[in-house]
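Two complexes are shown next, each including subunit A; its partner changes from subunit B in the first to subunit C in the second.
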Partner chain A sequence: MVQEAIISLLQIVIFPGFLFLILAAFFYEWVDRKFVARLQNRYGPLHTGPRGLLQPFADFLKLLSKEDIIPYAADKLLFSAVPIFLLSLPLTALFCIPIINSTALISFEGDLILVIFITTIIVISVFIGAWSSTNRFSTVGGMRACLQMLGYEIPMTIAMAGPAIVAKTLSISKIVQWQTTGLWFILTQPLGFIIVTICFLAELQKIPFDIPKAETEVVAGWLTEFSGKKLALLRLAEDLELVLAGSIMASLYLGGPAGFSFMPPFVWFIIKLTVCILILSNLRALFARFRIDQLMRGVWKYLTPLALLQIILVELIPW
Partner chain B sequence: MSSIIKIPFGPQHPALKEPENFMFKVDGEYVVDVTPRIGYAHRGIEKALEDRTYIQDLYLIERICGICSHAHTTCYTQAVEEALKVDVPPRAKYIRTIVTELERIHNHYFWLGIVAHEIGFETLFMYTWRDREIVMDLLELLSGNRVQYAMNMIGGVRRDITPEISSKIMKGVKVLGERMKYYKKICSDDKTILARSVNVGILKTKDAISLCAVGPTLRASNVKRDVRADDPYAAYDEIPFHVVTYDGCDVASRIATRCDEVIESVEIIRYALEHLPTGSIEVIVSRVVPPAEIISRVEAPRGENLHYLRSNGTDKPSRYKVRSPTLANLTALCKMLIGGYIADIPIVIAGIDPCFCCMDRLTFVDINNDETWGWEGEKLRRYGIKWYKKQ
Partner chain C sequence: MAGELGFSIPSIFVLSILLGVILYIIGSIIAPRVKKTAGKLAPYACGEDLPAEKLQVNAEEFFIYATYFLIFDVVAFMLATSLGKPGFFPILFIAIILVSSLVLFPVRVRRVEKDGFDKVG
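Our next item is the complex of A and B:
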C-alpha cells in the first residue's frame, strides 16, 4: 500500500510527471528552434551545451534572474496569477495523455472533453493577462487571441470527435487502447489530422497564425508587459503547450505509445511526439502571417465544413 | 465616435528600423486617420555641409544614408562637376553606373527581406539576407567597403575595375539574378504572401502623380518615370534597359517592380562590364567652385534623389539641399494607409522602402494654432541660449 503510494507519487513528480514534462518542454523548444533554423539556412542555438541543447534552459534561468516589472496601472493580482495559470493548465492536460503505457496518469471517461476545455481556458487566461496588463498592444493582442480562438476552436473540437466516435469512448487512454488493436486514425481520418494540425498552429500562435503576438504589428502582443520571472514561466508554458499539442496529435491519430514490441512503448511515444512537433515546426517555416480577418474567413469557410465532412465520413465508413 | 483608439506607431517600434512616429486613429482593426511626425533622426547635415570644403562634404554626403550612400554621392559629385564644368572620363561613368546598380541590387534584396519580415515570413527573410551577402562581398571587392563604398570622387572614381574583379562580379550577379527570379516566383505564387500583398496599400495612378510619389512606388502605380531614362546621367544614355512598371498599384506590384528591377540591374551591370571603355578614371579638378546654382537628380534605389547646390566661388558651398525619396513618398504613404487594417500598417510602410534618416528636417509645429515654421541652426542656437538663461 505504502509502496504503491510512493510509486504513484514518483510518477506524478518525476516520471512521466512534472520533471519529465518540463525537461521535455525544454528539449522540444530546442528541437523546434534548431529545426526551423536549419530550414531557414541558419545555425540556431549553438553555444550552450552540445549543439545548443541547453539554450532553452539557459534562457529560462536568465529570465528568472531579470527584473520583474508590473505596470503601475495593471491589475496586480490577475497579472501575477496569469503566468501560473498558463503554466499549470498544459501540465494538467498532459497528465491525461498516456505516455509510458496505454493508460494515462489521470484517466476517466470524458478526459478528452477536459483537455479540449483546457485548451480553451488557456486562451481565456491569455486574454485575462492581456487585459490586466492595460497596455494598448496587449489589449489588441488579447482581443486577437480570443477572435482567433472563436475561429479554430470549433473545427478542432469537431475533428477531435472523429476518433472518439469510432472508438466509442471519450477517454484519450481508451482511444489509444483502441488503436493498439485497430488501425491508427491517421490512416482512416487523414483529413481530421490535417485539420487538428492547422488548428494547433493557431492554438500555439505560431506562423502563419502568430497574429496575437505579431512582432511587427503589436510588438509582443499580449506578452508585451510581462518580464522577468513571469515571462520565464510564460515561455515555459508555451513550450509545454507545444508538447501538449504534439502529444494530443500523437495520441489521437498516431496511436500514442502503441508500437512494435522491440522497443518500449515510451520510446514509440517519444518518436511520434517528435514527428508531430517537426510537422508543426516545418509548417511554421513555410508561410507568411495571415491577417486576422483572413484567418477567420478561411477557418469558417473551409476548415469547419471539412471537419463536418470528416465526421460524416466517419459515420458512413464503418471503421 | 468613442470606439476610436489612438495607437502610436514608433518612434520605437519593432516594425521600424529607424525612429519615426505615426499616430494612428483606429476603429477596431481599421485605420481611420494617420499623422506622421518626422524629425527624430535630424542630424543637421545640410548646415554642416556649408561649414566644410567640397572634399570633406563628399564624406558627409556619403553618410546621409547607409544603404543608398552611392546614390547620394553620385548626385553630389554630379552637381559639383557641373558647377566646375568638368567632364568625367567615360570609364569613371561606367564604374559609377556599375556601383549604382550593385547598390540597387543590395537595396532591393535588403528590402525584400524586410517585407518578408513584416508579413511574418521569416524563412524568406533569412534567405534573401543570406543572398544579400553575395552583393555586399562584391561591393567590398570593388570598393573595399561593404556599406559606405566611397567610390565617387569629384572628377571620377577612386578605384578601377580589373579583369579579375570584373569576372567575379559577372559570376556574382548571375547568381543574384537567378535567385531573384526564384524569389519573384515565390512572391507571385505563395498564397500567404499574395493574401497579404494584393490590394493592400492601394495608391492609384492619379494619386501617385498628384502626391508626387517617386521611384518603385510610383512605377508600381503604372507611371513610367525613371530618372535613369528621363534624364540620363552617368552612363545610362549608352546602356539599353527597360523601365519596369506594374499596374496593380498595391504592395504586390511594388514587390514585383523591385524584383524585376534587380533582374534589369543584372543586365545593366553585364552590359556595362562588357562595354567598359578604356582610359583614365579621374580628372584633376580645382578645389574652388565658381558661383553657380545646380540641381542634380539621380535615381536612387528608393526613388528620385534631388540635390540642390549653390556655390559662391569659394571652396565651400553656400547652400546645399537634399530631397531624398522617402520624403517625397511620405504623403503618398499616408494616402495608402488610411482605410486599411492595423495588420497591414507595417507592410504598407515598408512598401515604400522608407529611409527616415535620409529625410529628417527640422520643422516646428505649434499645437495650439497648427502653425508650422522652420528654423535655421543659428536661430535655433540663439533661441536655445536665450531659453536656458530664463531657466
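Our next item is the complex of A and C:
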C-alpha cells in the first residue's frame, strides 16, 4: 500500500507529472524554434547545450532573474496572479491526457469537456491580464484574443465532439482506448482533424492567427507590460499550451499512446506528439498573418459549416 | 491510478498553482530589486505620452459574432452530450438550429444598410 502510494506520488510529481511536462515544454519550444529557423534558412538556437537544446531553459532562468516592473497604474493583484494562473491551467489539463499507457493519471467521464473549458478559461485569463495592465497595446491585444475565441471556439468544440460521439464517451482516456481496437479517427474523420488543427493555431496564437500579439501592430499584444518572472512564467505557459494542443490532437485523432508493440506506448505518444507539434509550428513558415475580420469571416463561413458537416457524416456513418 | 490517493482535478490544480508560486518566489529571490523611476513605471507607449487608464474597447462590429457564438455554443454542447442517441436526432437538432438562426440574418442586413458598407463581412 505504501509502495503504491509512493509510486503514484512519483507519477504526479516526476513522470509523467509536473517535471516531465515542464521538461517537455522546454524541449518542444526548442523543436519549434529550431525547425522554423531551419525552414527560414537561419540557425536558430545554437550555443547553449548540444545544438542549443538548453536555450529555452536558459531563457527561462534569465527572465526569472530580471527585475520585475509593475506599471504604476496596473491592478497589482490581478497583474501578478494572471501569470501563475495561466501556468497552472494547461498543466492541470495535461493531467487528463494519457501519456504512458491508455489511462491518464486523472480520468473521469467528461474530462474532454473540462479540457475544452480550460482552453476557454486560458483566453479569459489572457484578457484579464491584458486589461489589468492598463496599457493600450495590451488591452487591444487582449480584446483581439477574446474576439478570436468567439470565432474558433465553436468549430473546435463541434469537431472534437466527433470522436466522442463515435466512441460513445466524453473521456479522453476512453476515446484513446476505443482507438486501440478500432481505426484511428484521423482516418475516419480527416475533416475534423484539419478543423481542430486550424482552431488550435488560433488558440495558440501561432502565425497565421497571431493577431493578439502582432508585433507590427500592437507591440507585443497582451504581453507588452509583463517583464521578469511574470514573462518567464507566461512563456512557459505558452510552451505548455503548445504541448497541450499537440497532445489533444495526438490523443483524439492519432490514437495517443497506442501503437505496435515493439516500442513502449510512451515512445509512440512522443512520436505522435512531435508530429502534431511540427504541424502546428511549421505552418508559420508558410503563411502571413490574417486580419481579425478575415479570421472571423473565414471561421464562421467555412469552418463551422464544415464542422457541422463532419458531425452529420459521423452520425450517418457511425464507425 | 492516482485517483486512489485522492488526487483529482482540484488538487492537481492547487498543486500547479503552488508550483507557479514557488517559481515566482525563486524569481523574487534571484532578481534584483526594482529601482523605481517614473519612466520605468509608466506604461509602454512607443515614446508617446499616453495616460495609463483602463480602456473601453469598442468591438461593436463583432457583436453579431457574439450572438452566433451564444447560439452555437449551445449546439456544440448538445452535440457533445448526445452520445447514446441514434444519429437521426442530433442531425434534426442541427437542422432546427440552422433554420432558426436564419432569424438573425435581417439583423446583419440592417447593420450593413445603416453604415452604407459591409462592415460585418
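We take it that the second predicted complex is superposed on the first by the 319 of 319 C-alpha atoms of A that agree within 3 Å, B and C clash if a C-alpha of one lies under 4 Å from a C-alpha of the other, contacts with A are read in each partner's own complex, and residues count from 1 in each chain.
As a working rule, contacts are C-beta pairs under 8 Å (C-beta built on N, C-alpha and C of every residue); 3 or more make two chains touch, one makes a residue touch a chain.
Everything numeric here is computed off the predicted structure, so don't read it as measured data.
When the two complexes are overlaid on their common chain A, residue A:140 makes contact with subunit B and with subunit C alike. Once the two complexes are overlaid on the shared chain, A:263 sits clear of subunit B and of subunit C alike. Contacts of A:157 after superposition: subunit C is touched, whereas subunit B is not reached.
Once the two complexes are overlaid on the shared chain, A:293 sits against subunit B and subunit C alike. Of the two partner chains, neither subunit B nor subunit C is touched by A:23. In the superposition on chain A, A:219 makes contact with both subunit B and subunit C.
Look at A:39: by the touch rule set out above, it reaches subunit B but stays clear of subunit C. Residue contacts after overlaying the shared chain place A:211 against subunit B, while subunit C stays out of touching range.
Between subunit B and subunit C, the partner in contact with more residues of subunit A is C. Of the two partner chains placed by the overlay, only subunit C lies in contact with A:169; subunit B stays clear of it. Put simply, subunit A uses residues 136, 140, 219, 293 to touch subunit B in one complex and subunit C in the other. Interface of subunit A with subunit B (complex): residues 36, 39-42, 136, 140, 207-208, 210-211, 214-219, 285-294. Within the complex formed with subunit C, the residues of subunit A that make contact are 4-5, 8-9, 11-12, 18, 64-74, 80, 83-85, 87-89, 91-92, 95-96, 103, 105-106, 108, 111-114, 131, 133-137, 139-140, 143, 147, 150-151, 153-154, 157-158, 160-161, 164-165, 168-170, 219, 224-225, 228-229, 232-233, 236, 293, 296-297, 300, 304, 308, 311-312, 314-316, 318.
Residues of subunit B touching subunit A in their complex: 5, 7, 13-15, 29, 116-124, 126-127, 130, 190, 192-193, 195-196, 341-346.
Listed in rising order, the residues of subunit C touching subunit A in the complex are 1-5, 7-9, 12-13, 15-17, 19-21, 23-24, 26-28, 30-35, 40-46, 50, 52-55, 57, 59, 61-62, 65-66, 68-69, 72-73, 75-77, 79-84, 87-88, 90-91, 94, 98, 121.
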